[in-house]
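A, B, C and D are the chain letters, set down in written order, and residue numbers restart from 1 in every chain.
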């Protein structure tokens, strides 16, 4: 594995608000950052539509990707010389960290669901396909692109390398918690990363945490919990995501129904066909999406036009607590009432459910098993985190779900006050 | 002046990373924030192309406008009850603060120069024209939109109100210095705003600073100085602005020359004609611009295509120190050499000069006179800041200019090594 | 209740690293801060011996007392105008907040246990006795000192006032968590106090929290949990407290045994007699204690001299996990072995146990019932915090205890290597 | 120079609020920190009496010394491998950094002036004398203590090593500016130290700064300027220092006049004789001084008693602007009037002058020449900082002096209102 790892004449630095500086001294890393595929991440927001809720959350995935790279760089520097660490994996770790989100498209969450895509497939395609990224990775070695793809795809032989990039306490999570907290301005999301990095140890095929750092890890897990509920699952953000999904559904529906768009939606066609080529995929960033939505505001289809207007001008749906499992009758009735009122319930009424599992350990046989975080005790024994930490034990394995019903409140208000339908709808919604 | 100032049922807050919270309790302010014209500011970056230099600088003018509003809100709250303050100006101040940047277009700096526009005209047009903003302001009083426009246009009768929004130590500057420092992550841009707000006093037609706060003001002026040279005039940012201007020039040139664009540039047409209507102006935000640039990357005109590729993928011009006043001969020669080498110097060679005057006091008869900052001594006397502060005195009135020559270094490198032209160009550029 | 509340000509401010500024505009508050009794708090550290563990923790109770005052000032300002708030309680709240720790002596924790004292008694005595503090409080009204004492002593009629100063989410806790985090430099202890202050509401006889602020409260409770285990109960700090207690015990033992001190311990005599007068109490601050300890380093009694040397020069005891409930036999054996080795176990061997109950709600009939934190739901209902928060529910009512055995490891090492006693001691200690 | 540099089994860390963590892996450093001479620095405040002005400023020289050590550790780590750097100087640099303030006594500024001492002599004596520090340094090599003393005394052959510890941009200044800003809570004192450390380069016998880091250095110099005038020379702090000096003068005067102290001032005797031995010197820390001042509050000499009461209870002198060079007549008259009023002007009237030279470059022949800061241009040339920076040029070599007159305002107020003396004194003081 004699890789060619050319060094820059002089270390380059990026000023980063979260990690202060991002340091690059490998020419491969520098060149990867300069590729069109990586620069494209500047045009995709890290938190999708969250900026509607937290106006500071306008940062891009470019930002985050540099951050994950920097954390891995520091971890790998700490690992140098450890018996269980092979420093030849260094450049592989750095590359995988930098590129792990490369396949994200615009507003991934909604796009993936509506168009049945998986950004991980595109990450792999960009790394292995006919791209600037691939050509640069090839310079290191013929098998290097495949290795990078394997690490990101979690199939690489050295599980230790994988766990740095994706585990319950990986560089990805550590960066986004801090970064999203910084840009939104919330007071959650802070934990002592410097300490966590200092207590991480490579051990066989995993990264373990020295027991003396347990409280820093607890703090990290609590931060994660708070960020999920305070930021990522904020109901206002989910409202804008509901509208976004509805726009995509409507546009696809119109396209399949031979609707004549004023401007032919070239960029979207292969998405509507649920089979975008890599080239098409890379062309569709968030500025292109926003361009279309602004055009579609003036489309003649009233639903597409209305929904785009809502999204562009932040005229969102209202919401109430609503559990579809217990309130199925009400759901059916609302659906019927909306239809009767001339408000298409397929576009103006939606239940959204968000769930989070703050920490879990291995349970054989379940889907998506999660590897536990192991503490290394002073005597060298390993103990699973929730066995040692009461706080973590308390929330371990507890899935929490939040259900909300979203609806176009302004349309309801717009109904005649005499209308029985309006009265009944309000009765249900306002309980 | 019996304004209708309806209050919200419950104060609304925005989480803001710089001021922690932005507080809104006037319904007018809340409704202004919800207008399409104000929401559009989310699609215009506060620092234009600076994100190419500082990846964190992706924040929008929406962000900044809320910040200026919040600072004014705090100042006006402090002023309540002062003899020289009329609290009926409160809502006017808040509205003008919120809306002061409303007319900014995409990448304003370059667009204004190339298309001969002035964002202040558009701010005025939005406030006074047929817009949602105007309709909301009208609710306060028939003359209210005009008053807001007058404050922003600096023609309002009460100069005290104007000075809160635009002076050498106004809410605008205080917000952007802190905000831009926060998002770029630089360590400049910090000063004790809380202290400055505490020592501001309304006095006749100006805001004065209690002498005990002089050092906080010194710190603010030094922050401003550092931010200009470290962030706003960063040579890499200016490189991207040079390219941006060249794109706009080239596209206009092609348009005027009856070039057939693959995609008709509808959004740009009235800009190329240097007379965009308000409606056209509002439609052109930065996602639309980026959409066109990505389309233009594939245009058949090689210059437009190349320049757009450079901008989209951050493939910028290199630069050297170059003073056109002293090096005019070299400039002429380079121009000629570029032409001979087949590299159009109108698009690939440019001198850019940036100047800053960190602080100045009134000098009768000069263009753009600047009002001085006055300190109020313990005995009530007013003294101009630079008379009291050695630091400010040292930099007062000293204009500093930086000249740089930008050029497409890769094109020069691409010339044959035998070429005499190449040798001579490199001789001049590398001194 | 027509109190005399004279205002200062001009508001005074203290620069505070935690709350940025502490604001004073009541002359009574200003004068209280200037009393010898309050200034004395500068000579008593907020965290006792914690500076041995965290070198930044050198801040005094003076610091913290100003901070608690400032938090209450902000809360009371927010409460003004609420139906359930009587603004005539304002000055009482401020005074009680400022003075609540006034009776703390040097290294209170250890002193109180060894000499059987209660700092709350002294707080009361200072407020009601012949002191500068009392004379200033009297200026407000004859019954004012008594009211202040009642609030601090939790016997005041208006329970709402008491709950601001002492409850599970009071100004005292909010200040010390943030302040102690700031000075130690740990990354725990941060929570969004600004938000908590905004969601606090006076309701009948308690302070409730608007439900929308629940997560900020969760964060506060988790901070509290982390600070207890990471800072307050740090085993190194407890080691120095063990030594401190041993010094006091030894000195008292010598005094009672008619030992002739080289320097008569005037300041300690009434403490040894377990009945210090108020005057004696106020004279013994931490500089006086440290003076004596330095003198006692040179006393001829070897135990007193050795212990003082350990404390002054941070030559602490080592520790191991040790549960006296389960390891009583080992404890007995160690005691015996130490005695045989000529190392007095009464001074050189000690079990220390620390317990914390992070949050609890009311359980009738138990000692020291704790009032719950109530959330106010949107419909006005009150719900106890742990019913709404899974995180809090998880840790609610769970008392955690940590036991450690402290011993003079250097003395054991100093024993002859052949010694059977040494071997057996090490066997037990090193398990 | 084959030094014995034993490493610790495991790196030790101190949590530091300014540098986050202080790292120790050399056994010598660890052992030095544990010596009584170094632990004594915990009992000497970094900013002397500044805590009277900024209540947060209670941090000790122990704190600061660890900080300087940590900065040097980072610099030396960066230097490793540079052609002009000899890594064998590493341990010497670390030791000198840690110990550079070792000879400071209590409230050094005042003690040194009154008793005619120089803390640098004591630093040298501790390092070279019969101390724990000396014995540990000896373990490295017989000549090592002398080398450490030479570096601190600025006589060491390798000037590069000296300049790390004492120059216009050394580790000492970088630590105290940040640390004092942190503990006082002022917003000055911040600069981008991480950047400065990255642009420092060893070059022959000095440390130079890469030109690209010029603005970070400007920021550092401005921070220094602001800290001097906002914190270090704050008039309230100087008021307490005036009183402190007066106490020491009075006590010495009484001692020399055969006054019988209630408690024999053992710790002070050799200071009064202006010749304390090293042993005496080390015994007198700030807790001992505070102990005496509290005892002296009750001395029968009214001046000593009054002054100690003022110091202990922060009952300070008032001050006005007063230039003794221009107001000599008034000074003479005040002196006379105070005497006539029975207020001893030797103890209750004082002019204090503070001066600062923010930055200077070498001027041959002047006292206390200062080495300039050199920038290293891209082409390798060196330029003196003020030639490149307008800001620094503006303040370079400009000495600023502030004069204040301090007096016991309460004594003046206490004079009979009819008194002509009182009227005349107030006339002069209140201008």
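The criterion applied here is as follows: a residue touches a chain if its C-beta (ideal position, glycine included) is under 8 Å from a C-beta of that chain, and two chains touch if they have at least 3 such contacts.
Chain-to-protein mapping (UniProt): A, B, C, D = HD domain-containing protein.
Small disclaimer: the values here were computed from a predicted structure and weren't measured.
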The chains touching both chain B (HD domain-containing protein) and chain C (HD domain-containing protein) are A, D
When B-D and C-D are ranked by contacting C-beta pairs, first comes C-D
Greatest Cα-centre separation from chain D (HD domain-containing protein) belongs to chain A
Here the gap between chain C (HD domain-containing protein) and chain D (HD domain-containing protein), centre to centre from mean Cα coordinates and rounded to Å, is 32
Here the gap between chain B (HD domain-containing protein) and chain D (HD domain-containing protein), centre to centre from mean Cα coordinates and rounded to Å, is 44
Residue numbers in chain B (HD domain-containing protein) touching two or more further chains are 20, 186, 195
The residues of chain B (HD domain-containing protein) that touch chain D (HD domain-containing protein) in their complex are 186-188, 190-192, 195, 215-216, 218-219, 222, 225-226, 229-230, 390-391, 394-395, 398, 400
The answer for chain D (HD domain-containing protein) against chain C (HD domain-containing protein) in the complex is residues 14-18, 20, 34-36, 39, 42-43, 51, 54-56, 58-60, 62-63, 66, 182-186, 283, 285-288, 290-291, 294, 312-315
Chain B (HD domain-containing protein) partner, complex, touching residues on chain C (HD domain-containing protein) are 13, 20-21, 194-195, 198
